[in-house]
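Below, subunit A partners subunit B and then partners subunit C, in two separate complexes.
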Partner chain A sequence: MTATAAAGKPPIVALEGVSKRFVKRLDVAMRVANMLGSHLREEVVRAVDTVDLAVDEGEVLGLVGESGCGKSTLGRIVAGVHAASGGRMLYRGQDVADLHGQQARDVQLKIQMIFQDPMSSLNPRLRVGDIIGEAPRVHGLVGRRALDGYVDEIMGHVGLDTTYKRRYPHQFSGGQRQRIAIARALAVKPEFLVCDEAVAALDVSIQAQVLNLFMRLREELGLTYLFISHDLGVVEHLSDRVMIMYLGRIVEQAPTEALFAAPNHPYTQALLAEIPRLVATRRTYTPVKGEIPTPLNPPPGCHFHPRCPHVLPRCRDEVPRLKAVAAGHWSACHLNDQA
Partner chain B sequence: MAERILEVEGLRTHFFTKGGVIKAVDDVSFTLDRGQVLGLVGESGSGKSVTGFSIMGLVDPPGRVAGGRVLYRGTDLAGLREDAMRRIRGRRIAMIFQDPMMTLNPVLRIDTQMIETLQAHETIDMAEARRRARDALGQVGIPSPDQRLKAYPHQFSGGMRQRVAIAIALLHHPDLIIADEPTTALDVTIQGQILYEVQKLVREQGTALIWITHDLSVVAGLADDVAVMYAGRVVESGSVADVIDRPLHPYTRGLIDSVPSRNPRGRPLHQIRGMSPSPLKLPPGCAFRARCPRAAPQCQAMPGLDALLPGHSVRCFRPHLPEAAQ
Partner chain C sequence: MTTVAEPHGATSAAAPDDAVTQPRVVTPFRRFAEDFAESRVALFGLMLLVGVIIVGVFAPWIAPQNPYDLTDFTERDARLPPGSERLFDAQIFAVSLPGLEAGVPVSIDAAQTVDPANPFVDHLVIDAVLVETADGNEIRLTVETEPPDALDGLDTIQVENLPRGVELTVGEKHAFRNLWTLTRDDLRSFAIALPPGYDRDVGFRLRLTTTATDPSFTYWLGTDAQGRDMLSAMMYGLRTSLGVGVMSGIFALVIGMSLGLTAAYFGGRVETLIMRIVDLQLSFPAILVALMLLAVLGRGVDKVILALIIVQWAYYARTTRSAALVERRKEYMEAAACLALSRWRIIFRHLLPNCLPPVIVVGTVQVAHAIALEATLSFLGIGLPLTKPSLGLLISNGFDYLLAGKYWISVYPGLALLVTIVAINLVGDQLRDVLNPRLQR
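Our next item is the complex of A and B:
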């Protein structure tokens, strides 16, 4: 279906035509108003619109987009936080919806998520040792007696001093808190981490430390990542493959080097042109026109057409499909049919 | 010789808390000429924002300006009475904040707020004020400014709100704008748009600009000069080209080296070890000492900010001088 069809082995996580709609239902007052002749309708946001993706074992897939494009929702579907409203999710070739009981719980544990703000994802009333030790104890991964040593081991993995085990999250700096969040995710022995803007809130010098930690853990534990970020520099550094998302749809995906060397979609090109670069030349910023339209009422056809410098008549009503433009490089743009 | 707009000399802003004195800004000096863009760069807690607030006279207790001078065209703002300061603040020196919702009143229409701003400083009739407000919105690239004047802040997107805040800052054609991380909360494409507008306006109007940010790469494309702050002090300052291409201070160098695009893809990033010291317990001497790969016993004393190269100063005993480059 998508870019990677690795020899024989199914991808560790695959999404097939996954969508997520958020519906704002009518409340009683609105329903009464409708009975009296108003025309209020339910508001529907298509946060994720028929997305296919496949992540191979050991791969780092970067997911890039601006706020409101649906990248976090997609990450949450993969991590099992949100249920998809349409499509299938496969874990090692098995439809997750078919799994029940212990099997379903096992898959759930294998995919863990790390959020942007560790202060709101860590329980402020638990000590660090309990935050990390709770899940493996509850799920019976580690016996009560071995737990203490196990927590020490996990803390060591992420570079936390084990003497801080009895402290609370507020006693740590931002970077260390993110390490605690990573340790908590690792404690249930996951195979797959969804990192949602996991370094966005950190200072530059701390960001480098946490990115290095992600890379080290990947090597030591053979982890697979879905790395969600708006920061193209970070994604370029870390990912093997990158997907670009705009208003709920994937507009381009390619191996990292190919994407940054030869971006195909006009939106990707615009994004790459906007990255502030650490080069000491006064540059003239050449902005893309306009803003992301509201997902409540996205433009028809290609969602990017109102901002696109190369817009064609058919872009206004025909949705472009992802097509291969080179080996492993897919782009959803009508311009590619022209050549 | 360009006209000197601002001269900050040995500025100290301290916060007298129960836990002790926090020296948020400690002996900071820099100058700014007409039309000059200065990037003030540092991590959280480095004192970059407090420096901006101190110039504006907006430091709240328990903090206060404990020393130094802020000369605006020769007048010391630090010693100015509140009513005199009010005539300068917002009119001659304007500020833009990270969150435009902090600048804008959520229950007033944009035109009310802009006209109010104009009338606070000038005797001006409504029609003229409205015309100036509309022109200012147009200048920052807001489409159909006449209609948008009648909108409320919540009817704008984040990027548009920040444009309104910039338009308000520009209303009086100030000599100096202090921008505190105005694009940090915005998306890349919107950040690009705002940087474009700001760059254009500063060039057209000759406004001096202090751009406070944690992101060296934004400053790299925008500013003439950079001052890098660490733990309340300027550790390095100079032209953008000098500081970014030939950093002298180990901290600046570490920051630049840890940017992902400066590292080979997929390889471990260069990292600065440790973390910023607590502002309550700053070690004596150089505050970067504990994290510095070049630290030596002499660093237990505080180095001065010395111009080691023409126009390029550094606060370090063991800087990365060109001939000593590794």
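Our next item is the complex of A and C:
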């Protein structure tokens, strides 16, 4: 049940029922303790819980959620850094689990990731030229002789001075570092970029530059983005379509304008109410009640029900399904059934 | 390694190129060197260490004596206190008296065979005549020296290498060796008694020794029980000690780092297996393990190095693993996985270089530890063989004479060991401070 039914062509990346569980296994001492009568259980975190999504070619899909909701884990599954513990991931209609060797490597290179902290995402002991040039050289995308010119070209693409090639990452500012990280990803000619809070660690002025760079690259290279952020303003500015995630599940997805104009899910409504506005009119500040529950022991039924202002009895034991509330607008809330 | 505070930052939001004005170029190494030089004590330690290493490495070229060359020292110089001058070598004159006929006097100009530069006696003129007596023949000799009063400066005069059965009529024979000691007057005129029927040629060596010393060679730190120059012996000993310490350190580092990286990168059962072995290893005192190993392996430089590697690798493995665990969770490792780089490349090109700083610190301290451990083993007599004297062995040799007041044989190698280890530790401590991100300003 993919939300966007692009006619004919399969989506560039699709997830079907993808889950990610992190299990803390019992060690020997705990097992012995269990034998002696205590009741220790394995701790299982469902970081991502049966998520379906589809991203069409050339699209920017925004993924929004509070910290700890599993959006970064989802991004890493898409980028191939983490393996999913359940479900399938399709790249242009092909299951990536079926690919091996050369093919698997090619698909891996087609999907690249930009990380949040540009300091820790760059190897501090490599020079910028090596950071950018390593993967294309190792994978034989460019010859040894052409490498220098290729790195220059990529650096020019992202607006980096090519004379900085022999410097180390720590000699750059945050914005420049993020440009280096982008250049590193672009160097293997990707089609899909996963941006995990890619501008969250930057100054506001630099954020704008990097966001504009993303948009320019999208036009120039025809890139597709999965843009993960907790910043609704950034997502609104950038995305064609937005997904809202809460405790490992997608609770709402819709085209950007539709979502910001008419949010359906109570969680989305609460999030949107909290966007800081420049117009400082007198308004009541009503935060979402309580903390995000621990994913170790999520509430049954709808995960949001302990904090939901419109909670119904059935929310406590029945998991709501994503249902269309308008064209391309999907929401997982029992309230929609009542209307 | 360190983040350089950038005073300028990005200039304006409007410019698409956030062309940062050039940050002050401070290479990581330069920053590191400046931080290191902040401590005077550490600089002093570094200078000491460099000095010690130079002395050790160039010992064969700068040592006044080669302690391995048995012809280079004599037992006469044994246990001389520091500052003593070397005694002149004995002068040896070979005298042969071929084909003597009774009653026909022969004059011989005896040549000096060893150490012709010895200035005391230029040469000897010996007159010999064979005289027949009732109980066998005698050769009567008179000896004159050139210069005439040269004998006055002599300490002992000895005759050695007389043929079997032939005896002197004067002087004292050594208790069991074929060695006769004469007085100066004896030498002027003495006789050799031949047994009846003796018909072979007679020859002997005259050994003249003097108490005068050679002002051109001073034992600045005294001599040991074999008459070796302590200074030279210590230089060579330092060379051996440093060599053993550094070699074992390098091998232990390579082995320990590889295992530590493997444990941190792969995790799971591999990690459990490796780290439990490390725990097991570290739960025994190093000296005990080394003692047991050497008891089995026997003596030898290679065996000592092997024992030290086995004792030390675990420290490197544990340090590397802890550093690698931190680095492994950083995003550049995920980025490398995202770029489909091979495991081998990720471990050795991305993970390993970033784990180096703490390992370098542990490495310096461990080398000092290895040197001390080797000295301990040698002192106990199970470390290096006698032919490869290390500082520990020198200390051990002098230990027997310590209570006899001959302190220098033990104390000076001990001081050299102390200086070496203190220098390494001073450098290591400052390295730890400089490379520790928590202490960075």
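Keep in mind that, in the parts below, the second predicted complex is superposed on the first by the 336 of 339 C-alpha atoms of A that agree within 3 Å, B and C clash if a C-alpha of one lies under 4 Å from a C-alpha of the other, contacts with A are read in each partner's own complex, and residues count from 1 in each chain.
Basically, contacts are C-beta pairs under 8 Å (C-beta built on N, C-alpha and C of every residue); 3 or more make two chains touch, one makes a residue touch a chain.
These numbers were taken from a predicted model, which means no experiment stands behind them.
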Practice problem: Tell me which partner A:313 touches in the superposition: subunit B (first), subunit C (second), both or neither. | Solution: neither
Exercise. Pick one for A:123: touches subunit B only (first), subunit C only (second), both, or neither.
Key: second
Quiz item: Which holds for A:17: it touches subunit B only (first), subunit C only (second), both, or neither?
Solution: neither
Quiz item: Which holds for A:143: it touches subunit B only (first), subunit C only (second), both, or neither?
Solution: neither
Exercise. Considering only touches as defined above, state whether A:211 meets subunit B (first), subunit C (second), both or neither.
Key: first
Practice problem: Tell me which partner A:271 touches in the superposition: subunit B (first), subunit C (second), both or neither. | Solution: first
Quiz item: In the superposed arrangement, which partner chain does A:300 touch: subunit B (first), subunit C (second), both, or neither?
Solution: neither
Quiz item: Both subunit B and subunit C contact which residues of subunit A?
Solution: 173-176, 203, 205-206, 208-209, 212
Quiz item: Can you list the subunit A residues touching subunit C in their complex?
Solution: 76, 79-81, 105, 108-109, 111-113, 115-117, 119-126, 134-135, 138-139, 159, 161, 168, 170-176, 181, 184-185, 188, 203, 205-206, 208-209, 212-213
Quiz item: Which positions of subunit A touch subunit B when the two form their complex?
Solution: 66-67, 173-176, 203-209, 211-212, 215-216, 230, 232-234, 236-238, 256-257, 270-271, 273-288, 291-292
Quiz prompt | Residues of subunit C touching subunit A in the complex | solution = 1-4, 6, 9-10, 12-13, 15-20, 23, 25, 28, 330-332, 334-342, 345, 349-350, 353-354
Quiz prompt | Interfacial residue positions of subunit B with respect to subunit A in the complex | solution = 43-44, 157, 159-160, 187-193, 195-196, 199, 214-218, 220-222, 240-241, 243-245, 254-256, 258-263, 265-266, 268-273, 275-276
